[in-house]
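Letters A, B, C, D and E mark the chains in the order given here, with residues in each chain numbered from 1 onward.
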Amino acid sequence: MDTYANLAALVLAGLVGLAFVFALYGAVKLLAPSRPYALKNATYECGHDPLGEAWVPYRLQYYAFAIIFLIFDIETAFFYPIVLVWRQIGTLALVETLIFVAVLLVGLLYAWKRGVLKWD
Amino acid sequence: MNARIFLTQLLGALGLIVILGFNVIIMDWWERKLVGHIHRRPGPMHTGWHGILQPFADMLKMLSKEDIVPDRADRLFFWLGPAVAVVPAFMALAVLPLAPGFALADIGNGLFFVFAMQTIMPFGYTLIGWSGHNKWSLVGALRSAAQLISYEIPMLIVALGILLAAGSARLTDIVNAQSTVWYAVKQPIGLLIFFITAVAEMNRSPFDMPEAESELVAGIHTEYAGMKFGLVMMAEYTAMLVGSWMIVLLFLGGWHLWPLPPSPVWLVLKLYLVQSGIIWLRGTYLRLRVDTMMEMSWKYLIPASLANLMLVGVLATTFKGF
Amino acid sequence: MTVDLEAVAAAHSGRVDREGLDPAIVVPRETWRQLAQALSEAGVWFSDLTCVDRGETVEVVAQVCASASEQITLKTVLPNRDLTVDSLWPVWPGMDWLEREAYDMFGVSFVGHPDLTRILMFDGFEGYPLRKSFLLETEEKAS
Amino acid sequence: MIEDHPRVGRLQKDAVTESIVLNMGPQHPSMHGVFHMQLELSGETILAARPVIGYLHRGIEKLAEHRTYAQCMVLVDRLDYISQYCNEWAYCRAIERLARIEVPERAEWLRTMYAELVRVTSHLMWFGSVGLDLGGWTPVIYAFIPRERIFDFFEATTGSRLMPNYLRFGGVKEDVDPAEMEALHAYLAKDLIDALDEFDGLVTGNEIFLSRQRGLAPMTVDQAHAWGVTGPMLRACGSTRDLRIDTPYGVYDRLDWESCTDTRGDALARYSVRMREMRESAKMALQCIERMPAGEVRTKVARVLRPPEGEVYVRHESTRGELGFHIVSDGSPKPYRFRVRSPAFMNVSSLPHLCAGAKISEFFAIFGGIDNVMAEIDR
Amino acid sequence: MGLIENAERPNFILTTIDTLLRWGRSHSLWWCNAGSACCSLEFAAMGGARYDMDRIGSGLVRASPRQSDVLLIPGPITKKMAPIFVRVYNQMPDPKWVIAMGSCAISGGAFRESYSMTRGADTVLPVDVYVPGCPVRPEALFYGLLKLRARVRGTSNIGLAHREPIYVPPDLPPEWEAEVREFLGEHEAC
């Protein structure tokens, strides 16, 4: 139902955006002075030598957040069909979504009780 | 025939860049003036009439600033980071209509395309924060990733409520469905949740965790100098434009102002009213603590948005007007 | 809750020095921590600790408060060649930074202190600035 | 936590997540001055904290031994550069007690008034930095408006906004111009109270602020005594120690005011104690202006003061706590030993205990509550 | 490398671009605040409602040196703080300036003969504007900023790379010579 021209326009917008960004980089290459030396390129740590590495396996617990996000993102994906035909089905749609949401809220409550949702 | 379509679309895309640049310039000036007046001080006054040329001065300075790439940084992602933050926000602009049907690509499910682009932005912010090999920006990157993904879900669920009421995901249909009564009137809870999550998606004031000046020095872009920092600011202003444009389209009835004839002027007016409100938030509120911010989304906003969806469903089936 | 100075001083083989503006208990170096321990059990809390360089001896002076209004000074005299004294950190944890500053400025080393390092000067600095023997640049040029 | 789940727990033990050591160094937006803190973080929780000070150590105590007593007044101003009149007054009291100098009645009233006015400006500066630490840009700018007005009064009467050098042994430099006093009286009575109410509305009533401050880093009275903490932080834990009441000096016993205390001992208590103290100090300054007797403001003192040989330790209630001057004199016009007991030095030494286990954003709420001045800590 | 800095002879296009860039730079000088002592209060007062440095476009105090143009030294530089100032100055991107604020930063001020003080900021960093005063009044700092703006706008950058004077501090204190020497070392080649 959407002509390919419309979809192609999106890709074109992306490419134009990327071109705009790299055009800016080129302008900076032309206009800005550049005099790199070791002390200038050192990582900034409030005026000190950085202690240790920054890319360490930082906090495993944040990985749990990503998983829960995936679950709920896919949940919203499943809502699309119900929402479109909600008016025709009427109260049956409400019962279905209530069951669907109840199952998912159990998952959320479980995560809440296990303390996964605490960001520390 | 394809060549002509291609040329018109190319022109449209360049027009989008003009819109983006125009918005960055207006917002950069307007934010410093409005926050200044909130602080009872005049704000930029001496660069052009009332500081109107201030954004150009900032842009020129950033263009002519040296571009530092730290030696321990990951060079590819260091260059790519700002691009991955700006381009999705810019592509989302392609779908947003200024007038009925007047958008670069008014596709069937415009609503979901905007949210798809909003899901890519956490990549951009995380790349920016992670690639600089700086402990401050690493903490900022993880915070921004967590914040953006957690506030994505309530936003989607509330948008489903609009989809349910309007019946189609094409943005022009959604706006035409609000020709007389806006959805802000029909779904006030939805508007409240959508506004909170939109402010969180833009990393604006009460939720500006990633760029928490007072805590993480300069947050995710601690290592970014000159134009790359300018690009991150541009990404922030574009995200703000997309966020407030969505609020206006979904809830405030786009170009409709009921007794008066519909015209894009109302849309732009509402757009800059919403953006001024967001700047006003920056003048008054302090920053949320990170864990209360995360809890707010998972424990309060998601259940509330699900309840809002149910409510809209029930109202849509019982009353005809909804 | 006034502290009977004479009794406390006598208990720790010290004496009460009254001719100054405020009464001061002067004890030998050995009973310095016991004196502080006794006063701390009597509910006295500390206010300050510092040193005064008297040429060949260094006085360690501690100001403590018996009550909100009553102020007592505790003193002990250390010979110049051997500046060590028991640390009061076990009695009052707040003494930690005060003793580090006394070490940094005077070179008095406190036995039993958890982390006796320089607190004010940078690490590569030699000498103890507040000693009378430490001359400023202007004095070195003059003398 | 998820770690102790049987299946996931095993995964957690194999994949060791390291903590990172972070330099919250001297050049940092919300380190008041040059304070350096080394934090060990796991996630955003602080496992261990080690403060490093000394970046502003100018050796004031050594320089004071090479200056006459009157010249030391310049150094005393630069100790705690936010509440200058408190430093000057404490130093004058120490020398006056050592050299047994009488202070006329009007000078005592003037000194009390200036000390309370500078307490208001110091707490305003603290209120601004609390807002800045918690992410709000507006409290700083709003707090500077009444502060500038009070600085105008300081400049008109004593000559300089920040470093007045106004007190002398035996009184003050010169009398105050009555017109300025009337203008300040009008300002303190109405506009300052409106400004303080506006700040309450902006920050104290702000739900985000309350959720960040409530129950943060609690401290009990005997912990405070063990760490040597004094001043508003100590009074926030429930103690009633206030040197203006315990060892009355100036005219504090003749003014009707009450010392502000709180019992919770957490960051919110420290905040509310200081906010109330601002109102009390404004009230006291008003009474001083109204009831100040006439009379000369300075007694005759020798140009080069030679106090008798001896030692004195004077305790003074400065804005941050108990400011002590321990001066040893050997009869010469220069002090033999010039020791300053800095309240902020002891308050900051309690920081590692308070912020262990807190998060990064909580650390700044705690650090804002300690209200330290690096110049006084490092001397 | 910058088109302008490396040009041998100025021609019409370069001078117009250079003037435009200098106008932009002079109108948006962002601060990097190493906030040390009494003068930092007067700098904060200058950002407040009465003096408001934002009216000339330099209201943003960027915490990270990467995004700032002007390094403000509002107080004494002690020997413990000197290497940190050197490192922060070096980590700033290139068109950068330094304002030494207050007599402590200019010459050591009231604490000149102290054992832990350097005799002013120019023993450590190349200083562009000296603002005398103890403490410096906000108006004086504002005047210093205007002077810096005039200089930024006035000096032409064409061919700057060939003739930028290599800055050597007069008496290099021994403690952190390696760091400062490293800063100077790379410059010799350019």
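By our rule, a residue touches a chain if its C-beta (ideal position, glycine included) is under 8 Å from a C-beta of that chain, and two chains touch if they have at least 3 such contacts.
Because the structure is predicted, anything quoted here is derived from the model rather than measured.
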item	value
Chain labels contacting chain D and also chain E	A, B, C
Chain B to chain C, fewest steps along touching chains	2
Most distant chain from chain B by Cα centroid	C
Identifier of the chain whose CA centre is least distant from the whole-structure CA centre	D
Distance from the mean Cα position of chain D to that of chain C, given in whole angstrom	25
Whole-Å gap between the CA centroids of chain C and chain E	44
Chain A-chain E separation of Cα centroids, rounded to whole Å	40
Centroid distance [mean C-alpha coordinates] between chain B and chain A, Å	14
Contacts with two or more other chains, residues of chain E listed in rising order	2, 21, 34, 48-50, 63-66, 80, 84, 88, 91, 93-95, 113-116
Per-residue multi-chain contacts in chain C, two or more chains	120-122, 129, 134, 136, 138
Multi-partner residues of chain B (at least 2 other chains)	39-41, 63-68, 135-136, 138, 213, 217, 222-223, 226, 290-291
All touching chain pairs, where touch follows the definition stated at the start	A-B, A-D, A-E, B-D, B-E, C-D, C-E, D-E
Complex contact set, residues of chain D against chain A	1-3, 5, 11-12, 15-18, 20-28, 36, 38, 42-45, 359
Chain D to chain B touching residues, read off their complex	20, 22, 28-30, 41, 44, 131-138, 141-142, 145, 202-203, 206, 208-209, 211-212, 359-362, 364
Parts of chain B lying in touch with chain D, wherever the complex brings them together	35, 38-41, 135-136, 138-139, 143, 205-206, 208, 212-217, 282-292
Complex contacts: residues of chain E adjacent to chain A	1-5, 17, 21, 34, 64-66, 83-85, 87-88, 90-91, 93-95, 157, 160-161, 179, 182-183, 185-187, 190
Of chain E, residues touching chain D in the complex	33-38, 40-42, 44-45, 47-50, 61, 63, 65, 75-76, 78, 80-81, 84, 88, 110-111, 113-117, 134-135, 137
